[in-house]
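Multiple structures are listed underneath, in structure tokens.
Both of the next two complexes hold subunit A, though its partner changes from subunit B to subunit C.
Let's turn to the complex of A and B:
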């Protein structure tokens, strides 16, 4: 038990952050090289104005046509993303641990707020899962990897909640939390979760292509 | 035999000293959790800490391991600061972060080093309070 804790708190945590940073950099550099080979014109017509215009429309709820067509999904997806990013980044426990390990500190949110956000994330994951299984056009396109990603994302939130509330077996939940959180961080660059790295770039690319080249909207 | 006033005074002083010492020991025995008044609005349950039982079990005879004194940036040998709360030295300004770091650094730090004792938040900041350990010989 102690040994597992020390592994999860020390080397595994560092490995997770290194894989996250290194993996993201690797994927970005590789994409840049690929773009230069296949579509070198990209670098000329990439436009800040059209790029940000497209990003803006895709970041604001109901700012794109797809979102207006699927209101329930849009709301769930929006709440999910806000909570999934804000809760872990500004959680008091995480901020304290990072401060204690590396002397870097930032503001935190009250534990009650983080708690509520975790519940929202878990509920949204259940919603995504049900949608994947029930909706024929989505389930047809889904592979086991889509389900795995959902489980990967939900795991740290379920175990974090468990550990925080000290439900029975919370010591194990705490260790599983650290391990599952590290697995999630490390897998971001190498799974579908890499969308958080590529989203701004693909949107800026599409925005520039549609705005500057085709004079059309892409949202 | 008639006692000299001087020795009566010495005797009284000795009794007083013993009483004071006993008082100090008694008050330590009362310590079941760490409850630094500097945390005016604590967010978590007070950490379990049976002062004397803890130190006996962990083999900590030297009070200055925790109640330390620093001189010129180095830990002073043979000096100790029991009676002073950690917050008297470890609160700089209004932020409690440095004080939290001091507590966690000392408590969790030693537990990690010795691979013994609680290391997870809920093990120290137990919702059940000191009762979580009571009944298992502390």
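Let's turn to the complex of A and C:
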């Protein structure tokens, strides 16, 4: 168990960050080069004004008609995305770890807030799971990958709470927390989670096509 | 854990598709799919396939899905799953049966209306993916017979309806003769170099709806603009090849159209009330030819009517009686944002406008566009049944008093007429040109 801990705390963590940063960069550059070669129109039509206009409407809760048609999903999605990013990045324990390792520190949030945010993430994951299973228009499209991604996202939050509050078996939970978190980070560029890196581009492109060519809104 | 769709398949009865599919071999399918996916598509398809979160939000966008009680097999992502994703996943290892089904989905159950791009949080362009599917079908020789016939006509005559060159000129002179009984000084100037406007129409106008040329001639003459119509191939602005995946022909057609305008040294092209033709000159054909925007400015009829009404070039004698409702054609609304202009023209010419909801960019397609009506009788029922939501919209407008539907697009006309007939709605469909022609002051 000690070996696993040292692996998770050392080489695996480094590998996860390298895969996240390197993988994202690699995928972005590769897609950019491919677009330059095969879809050059993407660069011609991309417009900062209309791209940001579209992004703005899609980053504001209820900014699009689709979001207004599904208030529960919209609220769950926005809370999920905000909490899933803010809680781990500004958690005191994480900030401290990074400060001790690399001497870089930033602000942190109170532990109570991080707890609440983790619970929100887990609740949203349950909501997504139920929706994926029960809603025909989602279940029809779902494969094991979609369920796996959901589990992958939920795991670090469940185990994080578990180990922080020292529930029974928290030592194991701590190691699973580290491993699942690392797996999550490393898988972002290579799974459906890649929408993290591609969303701003595809949305901005559609916004540009609608705005600059079609003279219409896309939200 | 995924649920089986409710969708019931009806066997394909289209001869063109069946005969094409009978000639397929697994090797040919695989090789063609690879050639298109590897050779012609790139970052867009790859990114869309990789990032779609399978969230199902596109279901709200599609009139086919909504009209089938949200059956997921009809949702945009559901249709992509049953076509392109499977080809990407298997690398083209599918059988002729699959291609037949994929062809039916891409050609007759998606109008390429792009409404789903406004409902997908990521802005995934399903219409683009359906066009890639149609391109693969085209290369495999599996395309619905009726639309393929129009594509053949485009290849042989550069117009959609097998209209011969002398028949074209004859039709113009015939309409000129007819219209001169009403307006003795009226001319349809053919091949007038240096005119301000080249007026172009779609093939079906001389073929079936010659009165539209008559009406346009009256409006153009009365407005006193300097205009002409070409006497050579290149007069037809329509483009079914754009919808069959025959991109090479799409390019040739658009080049012929633009070249004709350049040869006539006109300063702009004004086109009739057609949606898909506008898409082909403004968005797809020009892009294939490498033009970011059309090389000659192209003005849609709605813009032109707006211009001449606003400038007072034509006057409305008496507004059109009875409330009307306005159908927003996808290709000029989601395709060019002409919804407010169209409303202004309606308000200038009609007594009262009753809105359908949702409208403007969020309109429901007529279910005829994207080449679907051009696939002909074998698919008429699925097209009309697949747009119950439009019938409900029309019915709601009728309940509030609208007797007439104004639809500034040819395909929408055909689609709406079929819907009105099928659901027994008893409404009239009119072009803006019909209304302007009937309400304007006509010079003696």
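The rule is simple: the second predicted complex is superposed on the first by the 219 of 219 C-alpha atoms of A that agree within 3 Å, B and C clash if a C-alpha of one lies under 4 Å from a C-alpha of the other, contacts with A are read in each partner's own complex, and residues count from 1 in each chain.
Here is the rule we go by: contacts are C-beta pairs under 8 Å (C-beta built on N, C-alpha and C of every residue); 3 or more make two chains touch, one makes a residue touch a chain.
Quantities reported herein were computed from a predicted structural model and do not represent experimental measurements.
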Touched partner set for A:50, first subunit B, second subunit C, both or neither: neither
First, second, both or neither for A:100, with subunit B first and subunit C second: first
Touched partner set for A:139, first subunit B, second subunit C, both or neither: second
First, second, both or neither for A:111, with subunit B first and subunit C second: first
Which of subunit B and subunit C A:163 touches, first, second, both or neither: first
First (subunit B), second (subunit C), both or neither touched by A:171: first
Greater residue coverage of subunit A in the superposed arrangement, subunit B or subunit C: C
First (subunit B), second (subunit C), both or neither touched by A:5: first
Contact residues common to both interfaces of subunit A (with subunit B and with subunit C): none
Of all residues in subunit B, those that touch subunit A in their complex: 43, 97, 100-101, 104-105, 112, 115-116, 119-123, 126-127
Complex interface listing, subunit C residues touching subunit A: 1-3, 5-6, 40-44, 46-48, 50-57, 59-61, 65, 70-73, 75, 77-78, 81, 117-125, 282-283, 287, 292, 333-338, 358, 361-362
Residues of subunit A defined as touching subunit C within the complex: 31-32, 34-35, 37-39, 41-42, 44-45, 54, 58, 64-66, 69-70, 73, 132-133, 135-144, 146-147, 192, 194-195, 198-199, 201-203, 205-207, 210, 213-219
Footprint of subunit B on subunit A - complex, ascending: 2-3, 5-6, 9, 92-93, 96, 99-100, 105, 110-111, 163-164, 166, 170-171, 174
